[in-house]
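Let me begin by presenting the structure, written as structure tokens, before commenting on it.
Chains here go by letter, A, B, C and D, matching the order in which they are written, and residues are numbered from 1 within each.
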Amino acid sequence: MPNTATFSPPVSAAALPAWAVRYRAVRAQSTVLCAPLLPEDTVVQPTLDVSPPKWHLAHTTWFWETFLLREYAPGYQEFHPQYAYLFNSYYNSLGSRVNRADRGTLSRPALAEVLAYRAHVDAALLALLENEASLPEVFFELLELGLQHEQQHQELLATDIKYILSTSPLAPAYLELKVKSEELRVNSTEAEASAESILNSSLLTFNSTSAAQWLPVPGGVHRIGFQEEGFCFDNELAAHDVLLVPFELQNRLVTNAEYLAFIEAGGYRDFRYWMGEGWDLAQAQGWEAPLYWVRQQGGWFRFTHHGLRPVELAAPVTHISFYEADAYANWAGARLPTEAEWEAAARHFEPTTAAGTWLESSLFDPQPLPADADPTQCHQLLGDCWEWTYSAYHAYPGYTRAAGALGEYNGKFMVNQLVLRGGSCATPESHIRISYRNFFHADKRWQFTGLRLARSSDQ
Amino acid sequence: MPNTATFSPPVSAAALPAWAVRYRAVRAQSTVLCAPLLPEDTVVQPTLDVSPPKWHLAHTTWFWETFLLREYAPGYQEFHPQYAYLFNSYYNSLGSRVNRADRGTLSRPALAEVLAYRAHVDAALLALLENEASLPEVFFELLELGLQHEQQHQELLATDIKYILSTSPLAPAYLELKVKSEELRVNSTEAEASAESILNSSLLTFNSTSAAQWLPVPGGVHRIGFQEEGFCFDNELAAHDVLLVPFELQNRLVTNAEYLAFIEAGGYRDFRYWMGEGWDLAQAQGWEAPLYWVRQQGGWFRFTHHGLRPVELAAPVTHISFYEADAYANWAGARLPTEAEWEAAARHFEPTTAAGTWLESSLFDPQPLPADADPTQCHQLLGDCWEWTYSAYHAYPGYTRAAGALGEYNGKFMVNQLVLRGGSCATPESHIRISYRNFFHADKRWQFTGLRLARSSDQ
Amino acid sequence: MPNTATFSPPVSAAALPAWAVRYRAVRAQSTVLCAPLLPEDTVVQPTLDVSPPKWHLAHTTWFWETFLLREYAPGYQEFHPQYAYLFNSYYNSLGSRVNRADRGTLSRPALAEVLAYRAHVDAALLALLENEASLPEVFFELLELGLQHEQQHQELLATDIKYILSTSPLAPAYLELKVKSEELRVNSTEAEASAESILNSSLLTFNSTSAAQWLPVPGGVHRIGFQEEGFCFDNELAAHDVLLVPFELQNRLVTNAEYLAFIEAGGYRDFRYWMGEGWDLAQAQGWEAPLYWVRQQGGWFRFTHHGLRPVELAAPVTHISFYEADAYANWAGARLPTEAEWEAAARHFEPTTAAGTWLESSLFDPQPLPADADPTQCHQLLGDCWEWTYSAYHAYPGYTRAAGALGEYNGKFMVNQLVLRGGSCATPESHIRISYRNFFHADKRWQFTGLRLARSSDQ
Amino acid sequence: MPNTATFSPPVSAAALPAWAVRYRAVRAQSTVLCAPLLPEDTVVQPTLDVSPPKWHLAHTTWFWETFLLREYAPGYQEFHPQYAYLFNSYYNSLGSRVNRADRGTLSRPALAEVLAYRAHVDAALLALLENEASLPEVFFELLELGLQHEQQHQELLATDIKYILSTSPLAPAYLELKVKSEELRVNSTEAEASAESILNSSLLTFNSTSAAQWLPVPGGVHRIGFQEEGFCFDNELAAHDVLLVPFELQNRLVTNAEYLAFIEAGGYRDFRYWMGEGWDLAQAQGWEAPLYWVRQQGGWFRFTHHGLRPVELAAPVTHISFYEADAYANWAGARLPTEAEWEAAARHFEPTTAAGTWLESSLFDPQPLPADADPTQCHQLLGDCWEWTYSAYHAYPGYTRAAGALGEYNGKFMVNQLVLRGGSCATPESHIRISYRNFFHADKRWQFTGLRLARSSDQ
């Protein structure tokens, strides 16, 4: 098979109408996400993992300039000779670049300049698309990849913005930024009442509806990896068979209420549930709860895109590291599913993507399972939160790293990280699919990460 | 003697007209300095020493709120309950605060909110001043101190802004920021010609005019410390006698041309001229020239408030650490003056402040000594650059730390730093006086710091 | 299945004669290994991974005291009340302990005291064994585990001693330490001649004999994990089926000659072959060759237990990290086998353990493949060097962590590390078996670690 | 004046009999100090400041080899070609060397080899001295310096050994190391009784005898610096006049009882007494008392050369940093003397060296002031503990750094440190003199460092 294109099965340009429409839509989404921000919010890098929104806006643009315009747009004039240095993320193939840790020290180019950069590149790319017929097939493969790449950064924008706003003692709410930040701060008495009422109502909802069910998944040979039509990343290939013993999976994600029980049972103070490195880290960092959780006014709150809000008990727990997910599972007498188990189960249960997941829904938080959800179905598999699996992010059998800079896109990260599955409330809808492999180090918590329990069938 | 106020000799409110006028003028200067900046420029902290301009604007305002309005303005409503935490710099007396290293991670409060904070505080303070007669004398001492404090931060604003803009590969010029940053970048061919012509002309000027002269200063008992009328900081007190042996001082600052000779003679590669800690640091950091110097197009350029400019040979060298100043002096067969020698000499020579020193002159660089300067006079003592002395910043005899938070203003820093004298081109004019003691650690380079050679008389 | 004993299948005491004989032999081996050392050599910790030999001798003794004597020897008097604190390695279950990084800062207890500690514990344990019949079965399980544990530390002793001696510019040879260290140093002219002759002869040998062969391994369902009689560690369980596609494996390990070709082809300067984290580390550390290699006198030498010796070209390459093994494989157009592939192949080829592998052979280096080795056989699978696999060290299906302190033995490390297979020239013979799972982080190089190439069958 | 030798006034060889006798005696003292140690104790470096005793023994020997034998012993064969690299301390003039932080990672050369090195060098040097007449004057200047240098390291040996033994939970007592370490450990009930009785008796003694007296010192011109016959270090020159205002000094050192009052008054928890950098450090390190103090059994103990002992209340406090000394003085309403004040006072009071100070006295702790001490005299000025002064370690007027490697002996450290005066109970007697300038960074605590209070006369 002539699998030269690492990132996608062959794409016929003729078959795909309206590249320009899609390009415009995807590009617009990035700036829409930043619209509620002030220029100041787009500059800072409060921790190494979180990049300044201004940088995301520029880096995605650099991607188009570097991989498409320089190659395929005759006479294209680059916007600025230094931007290749400033906005390369990690491509050694493309030369030296700003140290990642220094992204938040650069005030220039300013947001306005970055937006001008975007306009410059968009104009050139849309001009190119006016004459689609003259472009080679590989151009459209790169175009597809560029769109996917930009969407991946949209999810990072959502989570990085959340982190940036959370560091301020003022706790500004992303989704109400039109309102004076003054008025947003949780008024203590009101909040207390509100917290109580929410706690009560959540608990009620929770109590009445959501005892999790164990659903059996048959053993035997299952085929995993991308087997559908359309785009996929190279790391989803090749599709291959795996042999599984029968196991069981819970019919929904672990909830905040369940996780709170773990906290209250001393889960963060008992090393027996933890991987050694996780335990050491949790001690060194003083972890006592998921990221963004704060205990105040006699209850738990968490920082959200809506500002500080009481923890909603029936909603899935998020912003936990692999170490916490694993410790919770140990405490609960269960385990995390492997990547292969997760995908086999997902293919077995044929889930649909969560309604209202994507960014424009303004929800930005995985939703509780409705009280009337069918307990024999497997819920919240797609588009709620990234589910930690107990599988290292390694290459699939038959994977080969692409040549050139794009070989650095996924391939060089295939060690020391863990696979997450399912997509989150901040994942662009077109990225939510059964074979999609997300990956992070075991200590990361700033994405919408949660867990679902698995267990062996003979338990 | 009723010198209870550590920071100033007694001040009679009646004798000082127009407090309100001065207050307005000083406060306005801070915002004027930030006017050319974009909001993005006011957020970042590219190195620990450099604070975000937004922080300076808020911290100086916090000072007024904390030390004056809370104490003396009945019914004053603080602007925001969290600002005391956010904008305390280093006063343990006033409780916990944002870690200094994290100042650049906070995007909020935004610049506009900080400006609103300034307006809120200014209104309250000016309202208070409408009824001067009702205020106690100590209020006016604190008012004076607040003005001095704000002016000290203006010098830091000037140097921090310079550092911030320097980190961008775009090298934006503070003083031409109305022009598109694009057009500011040194056009390579033009610049090369310009560099060459400047190099030539500078060398000519330098060669024809400025061989430094050694001026004798008599030995014996000299009185140093503040002995004049008006305000001084507590660290300038008490005036006291020192015994000096005769010595000689150069009649001007060391120039870039002279310093370049040190560089070219291998001064940065020969440990014999260096203090041990200085040598280790210079090696670890790869120092080869003063801060902001870059070698390109066959010559030396330096980043200035005007952007990247060829090094002006006849101008005083600046942006050097104590280690470099000391190494240069050793290489030149001379030494740095002590603090007492510097002040005794300055009182002996009766200098005047450099014309056009202060910020509004838009020069922001110490100027070369005019070709026709009288070689028997001592030049560039005040208002050109901070001159490193070979004296630790210790308390003068008779100094006592003030009680309360203001005791932390100067007193707790009186170890491990070195005294600098004379004031720089970025120092507010009212801060330029013979007894003023500036102090920094031996490794600091981001202020306008230079040196003047001394030697013992019998050499 | 009543698999309560995590570390071994049930052991019948009656069936195992001569526990005391084995105990004595294993314990003696530890001290024999340290016999050539001076007390000074037993104290230092030149890098975090390397523990002082004195610590190994004490920690293994602590294991017996803690898990067996305290539990099963009535009236046992502990040797010293502080030793439980001093010599606990990583068992949170057993309380606080010396920070791992500080092991090399403690001169006391001295070596002689540690040897007295060993004698004290040995006497107590041998006394206990005189009355075997009175001891419960679990005692013998722990006894077996203690012996295995001590043997694991013997391999660490061999590699840690090597590292310790290597840090001295004197390069003392462990195996000739009776000779004056003076005489051991490579005499430069002699060595040069010797190096050249060895280089030549090695190359000849290599050229004439050892082109590696690709051996096919059939696909389908393979059973891996411990399936034999006798002891195994809990991490080798449960045996389970895996599904493999057909693949090929080289019939021997990668040699120094082959690895040298990678070096000379610029493998350490070309990021394309490397995992991202490996590349960054290699740059930061300045890696140019395996650990212990030094270029001198126009050739490559390596520090060994015999001192500094020319690199033997036909011998397997060792002391490489996973990153280097993976980069080499990429450069060679192949890949590393997975853990399952390795074990399936090993079971397929029925290897025997390398002759003369174990410590007393005094070889301490994997040997070249003989020139007349059958090319249709798979060689060097067991007892030559640890072979990096491309499999994360995760729990096998059905694994459950043991309760209590022993649950920390293997289980809490099951993330962020990679599996190595096969055993090395420093591995005790009884630890060399097909199902044994060793594990290290991807950056570790101080063990005898090498690689064997794999590839998919359709290449 | 032909004062070319920076380190000493001219020395006439003829006038100094018995160089060989002195050389033997000084050299022997170094090994005698190490005699109670085990080889293990001579290897470790538990903190950066503390060098392994084995290193001290070798480095002092290297000094003789490098500065005397290589220059003046024709045909001298160096002991080992690598030792120049291994045992150079900080002389850039003499090339690269082992990183200071790695001194404790080298087990080789072993102690026996170092002792052989010492014998080799001693034989060569004593052979040279058999023909004194043929040696130039500068040789004897270097000989004197070598002896002084070796003695300085003897004080470091005493304090470094103390630190090394203190790190062991076994708390071995240097001075009773013949006794089994077992028996040395403080028996808890005995110790409690003993502690109580000592606490009581000390307090009684203290209360009845030792209220400190303030002794006036006249103002005016005082001459400080070396003005006597014999050897001095270059940093004691040139003698010069200083102008002082009248002040007062306490007639004895601050005692443990007084310091304990500071601790109990919350001195370690109140930032107002502290220099800013000292406060931050004390918080970060969790300081609550001097180095070596531990609170147990209801009282304070401290680790000494005799093992763990109750704090003797009437003895001078030691093992405090400058920060603590300064904070204590602030709390006590006094201040530290300057270096010039200390020396002027010492010359005014004509102290004698403490009886029984030096190492062979086996005391290793400054002794309490006798109850019948004359309160009008100034006590404990010489040979009790190093007294922190409030003076930076800067060059005296007229100081010039020597050329060559010896210019690195003192000159390159003349910034960022503070002067200590008076000599301690571990200082070789010939080093105890009024003009001697010791120097350490403000945070150092492992020397015998204490303080004496000063105050201005008009208080």
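The working rule: contacts are C-beta pairs under 8 Å (C-beta built on N, C-alpha and C of every residue); 3 or more make two chains touch, one makes a residue touch a chain.
All figures in this text were calculated on a predicted structure; none of them were measured in a lab.
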| item | value |
| --- | --- |
| Intersection of contact partners for chain A and chain B | none |
| Length of the line joining the C-alpha centres of chain A and chain D, rounded to whole Å | 60 |
| Centroid spacing, where centroids are CA-atom means, of chain C and chain D in whole angstrom | 47 |
| Length of the line joining the C-alpha centres of chain B and chain D, rounded to whole Å | 39 |
| Where chain B touches two or more other chains at once, by residue number | none |
| Each pair of chains that touches, named by its two labels | A-B, A-C, B-D, C-D |
| Residues of chain B defined as touching chain A within the complex | 38-47, 54, 80, 82, 85-86, 102, 104-113, 164-165, 167-170, 172, 181-182 |
| Sites on chain C touched by chain A in the complex | 90, 92-93, 221, 240-243, 245, 271-272, 274-279, 322, 326, 330, 390-392, 394-395, 397-398, 401, 407-408, 412-416, 418, 442, 456 |
